[in-house]
Amino acid sequence: MNKICTMAQAIESIPDGAMVAIGGNTLNRVPMEAVYQMARQNKRNLQLVKTAGAMDIDLLCLAGCVKSVDAGYVSYESQFSLCRYYRQAVEKGQVITYEHACYTVICALRAAAYGIPFMPVKGLGQTQLMESNPRLGHIQDPFGGPDIAVVQAIRPNFAILHVHYADQAGNAMICGPVYEDLLMVQASERVIITTEEIVPDNYFRRQDVKAQIPAFQVEAVVHAPKGARPTAMPFCYPVDEAEVRAFQGLGAAEQLSKYLEGRREAAR
Amino acid sequence: MIRPSDMMTVALARLLRDGETVFCGVSSHLPLVAALLAKKLHAPGLVLLNIPGGVDPEKPRLSRITSAGSELWDSAAAEMTLAQVFDLSMRGGLDVAFLSGVQMDNRGGVNASLIGDWRQPKVRLPGGAGSAVLIPTAKRAIFWRTKHDRRTFVQQVDFLTAKGNVSDVMTPLCHFVACQGELLLNSVHPYTSIEEVAENTAFPIRYKVLRKTTPISDAEVSALREVDPHDLRSIEF
Amino acid sequence: MIRPSDMMTVALARLLRDGETVFCGVSSHLPLVAALLAKKLHAPGLVLLNIPGGVDPEKPRLSRITSAGSELWDSAAAEMTLAQVFDLSMRGGLDVAFLSGVQMDNRGGVNASLIGDWRQPKVRLPGGAGSAVLIPTAKRAIFWRTKHDRRTFVQQVDFLTAKGNVSDVMTPLCHFVACQGELLLNSVHPYTSIEEVAENTAFPIRYKVLRKTTPISDAEVSALREVDPHDLRSIEF
Amino acid sequence: MNKICTMAQAIESIPDGAMVAIGGNTLNRVPMEAVYQMARQNKRNLQLVKTAGAMDIDLLCLAGCVKSVDAGYVSYESQFSLCRYYRQAVEKGQVITYEHACYTVICALRAAAYGIPFMPVKGLGQTQLMESNPRLGHIQDPFGGPDIAVVQAIRPNFAILHVHYADQAGNAMICGPVYEDLLMVQASERVIITTEEIVPDNYFRRQDVKAQIPAFQVEAVVHAPKGARPTAMPFCYPVDEAEVRAFQGLGAAEQLSKYLEGRREAAR
């Protein structure tokens, strides 16, 4: 089955209010072209899920697309500093933060992938996350040990990932760091793949290393060369610092549509 | 003149032992360089673990922008995803985790989450990343922070993101060690004084024996240049 | 003359629909051939899942010894470990699981564990493999067994290994379907009779409409030869 | 650190009574040379852990090494039929069976890998496994859902795996199906690797595909070409049917030592 479609088509399938897990980590292999498209399509009330997000979450907050964020860390690293649009949105009460320990996002996604309502989590000791995040709780050990923390399953409606290779059926391969992408595929109801390259049918069958994402779990495949820009794509391109800075310099939501238009031109 | 970034990096490296598993997360250039420095100097069997999942990368060419990028994967011998690194810590197998934050109290409590009340934060911070589960489970959680002022080292944190096995705290001015749940001043860096530390710390400074941090040796200087030629350890300074 | 192994394989293949995810586990040559046959005939988009983790292997050269070997991995397009296949079923994403056992009652209860009392089993059987979790979670659990006798189709199983979504039961003599929790005879294979089925079944035979299983077509015969040239479907006969 | 040692040395490190997870599946990539060595060294009271075992468990039962088996399935497939030595040992009450659903072994190993005392398991519906296996139980959902089954963590003292490539430090790679091997590495306290081939230091660093097993998790590396025989090693050799049959024909424990001696000769 041919699942190739345009970015616009793929992103149109995401309704307002959807819970969306976004692949990659900080400024690494983030499906930014898809993120831009969500902003262009003016999504509303998205519930974002990520271990460590940066420009993706920042941009969707600036665009007013976001209702809540489940994450362990939302910030650029080092010189690019904090996600100010995200911060402002949270501080104004426009965006709800469910703060996690990165690992509790992983555990919550695992629970969804395993079809269970919650996952016990070792290690949540003295932390106010337990009181501030309603997805966390405690449970008795039925085998007689001490109580243990648990996190409720998080089952995103969508996972959006940017990969190196995908075939038209949706078999997909990431080279280098996978971050939480593969877990997101298993935990989510629907999966949108954006890919640097479309490979021929049967490409993966002839490999010693198989696609990590099976076609039957994928709903849409978008051919998006440079689809991670301005974040880095391992083996392909580094972070485009100027573009990150240009975004950080926008200041107000009114400037965003022009920026997004510019990105559309650049992608052509 | 000794630069605080160099002193911090070297002093952190000295805390690491051969054969230890050491995790560095996002926005962690300074401890990443410290781990590579330790590996170069006295801990060749140190195993660096990280977010991209490259186990023990060899002479990685670090990126200025991220400490979670594929440069830590490319020259790795094996792969261990972030989820698996966390798992390792949860089952008691992680020796050292480097973590940072915006506030710390003298009981080793860390705030990386927010300023104000969590129901209506005045300032939303990046979040603790792995802190809440790593600080209680890593055998030694080493807290580092490139600022040492009274807004960082506070009487009481606004929000307790994590607390647990903090063993050491490294700042541009000094090195605290945890002793029976309390941070004690262990050594003051050569270019400063206990008075300056006290002035910049909102909790009372206590210590058993007051030491100066051992100055950086020539061997440390040259190893530092080799593992971090582009001075990424100083990014936050 | 129609061989029971051919009839069973073909009848199982007919139960599979295009696009379905279908799991075959250990010691499952017959349903494995059935899945490949369905893929060849009417369900090209069927996705075969298995223990070695090869997703949708293309024209695998099956092994006589195992249905869990790397021949199911080699020509696969993607990888999905056994743990992940189970996970898929747990979260409601597995369409069909093929499972077997040594006893079955007329409520679809399966015993693959032991004969006698579990505290002191008279006969230790191989165990249910994935049955206990797959039979309740797969959308359709298809039970198959190459023997049809009163020791297999019993009034009451000695031990309940699993029970749940058994939708179909295929034997050398007939095809049962589950209807409101009860196994009803759906069709009797062409070479036998309801009397023979009843003689060899310890629970009462009930049905709504009695059919003969549609004989094997020429297209089915030739496709069967193609996907299973070495007649592995008959190993247990 | 050079962790290469002889099979005898590696297996000597396993004390009587140890809980041992054995890699591979049925007659596929089982570390049989290590299994033979356990029998030669007359281990006693081993607690074996496996999803689907065959000759490994059967042989150790014949040799009287086994106290208990946690498994979902113990049998040869198709023509090789049942594990009769295992059966006899269980029926005589010499070996305790903790019967699982394969997946509950996986979940129990996951719990150990994740440092948690138990794992919720979806899907355990009507089954007497709940009463016959004390490692299974039920727990309330703290988030208000229905009760859910749980399995207690299984943390083996040892995992023994046979792999394709390992370096002297213990970095190790399996080609083709991994079965539960990688999970066993994470769940177990100590890991023994037997390998078809020892590769040079830095071999994996230069690969696009990394070793799946990091050296620091491995305690011993044994160079054991054909170390999976008579089970199959993907890309290397198929099942040695004659040898499986010879073992099945032994009949009594007295014949086993001669068989094992013969295997030692063959391995030279």
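Just so it is clear, A, B, C and D label the chains in written order, and each chain counts residues from 1 on its own.
The criterion applied here is as follows: a contact is a pair of C-beta atoms (placed from the backbone, for glycine too) under 8 Å apart; a residue touches a chain by one contact, two chains touch by 3 or more.
No experiment lies behind these values; they were computed from the predicted model shown.
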Starting at chain B, how many touch steps does it take at minimum to reach chain C?
2
Which chains, if any, touch chain A and chain B both?
D
Give the label of the chain whose average Cα location is farthest from that of chain B.
C
Look at the interfaces C-D and B-D and say which one is made up of more C-beta pairs in contact.
C-D
Mean-CA-position distance for chain D and chain C (Å):
27
Averaged-CA centre spacing for the pair chain C and chain A, given as whole angstrom:
39
State, to the nearest whole Å, the distance from the C-alpha centre of chain A to the C-alpha centre of chain D.
37
In chain A, residues with contacts to at least two other chains:
114-116, 121-123
Shared interface positions of chain B, touching two or more other chains
54, 73, 89-91, 137
Name the touching chain pairs, please: which are they?
A-B, A-C, A-D, B-D, C-D
Under the touch definition given earlier, write down the residues of chain A that touch chain D in their complex.
107, 111, 114-123, 137-143, 145, 148, 150, 152, 175, 208-209
Once bound in the complex, which stretches of chain D touch chain C?
25-28, 51-52, 71-75, 77-80, 82-83, 86-87, 90-91, 93, 97, 99-104, 106, 110, 121-129, 131-132, 176-180, 183, 232, 234-235, 238-239, 241
Taking the touch rule as given, give the residues of chain C at its contact with chain A in the complex, in rising order.
19, 21, 45, 47, 54-56, 58, 73, 75-80, 84, 87-93, 137
Interfacial residue positions of chain C with respect to chain D in the complex
26-27, 29, 51-54, 63-70, 73-74, 81-83, 86, 89-91, 109, 113, 118-137, 159-164, 235-236
Considering the complex alone, what residue numbers of chain A touch chain C?
1, 112-116, 167, 169, 171, 186, 202, 204-205, 210-217
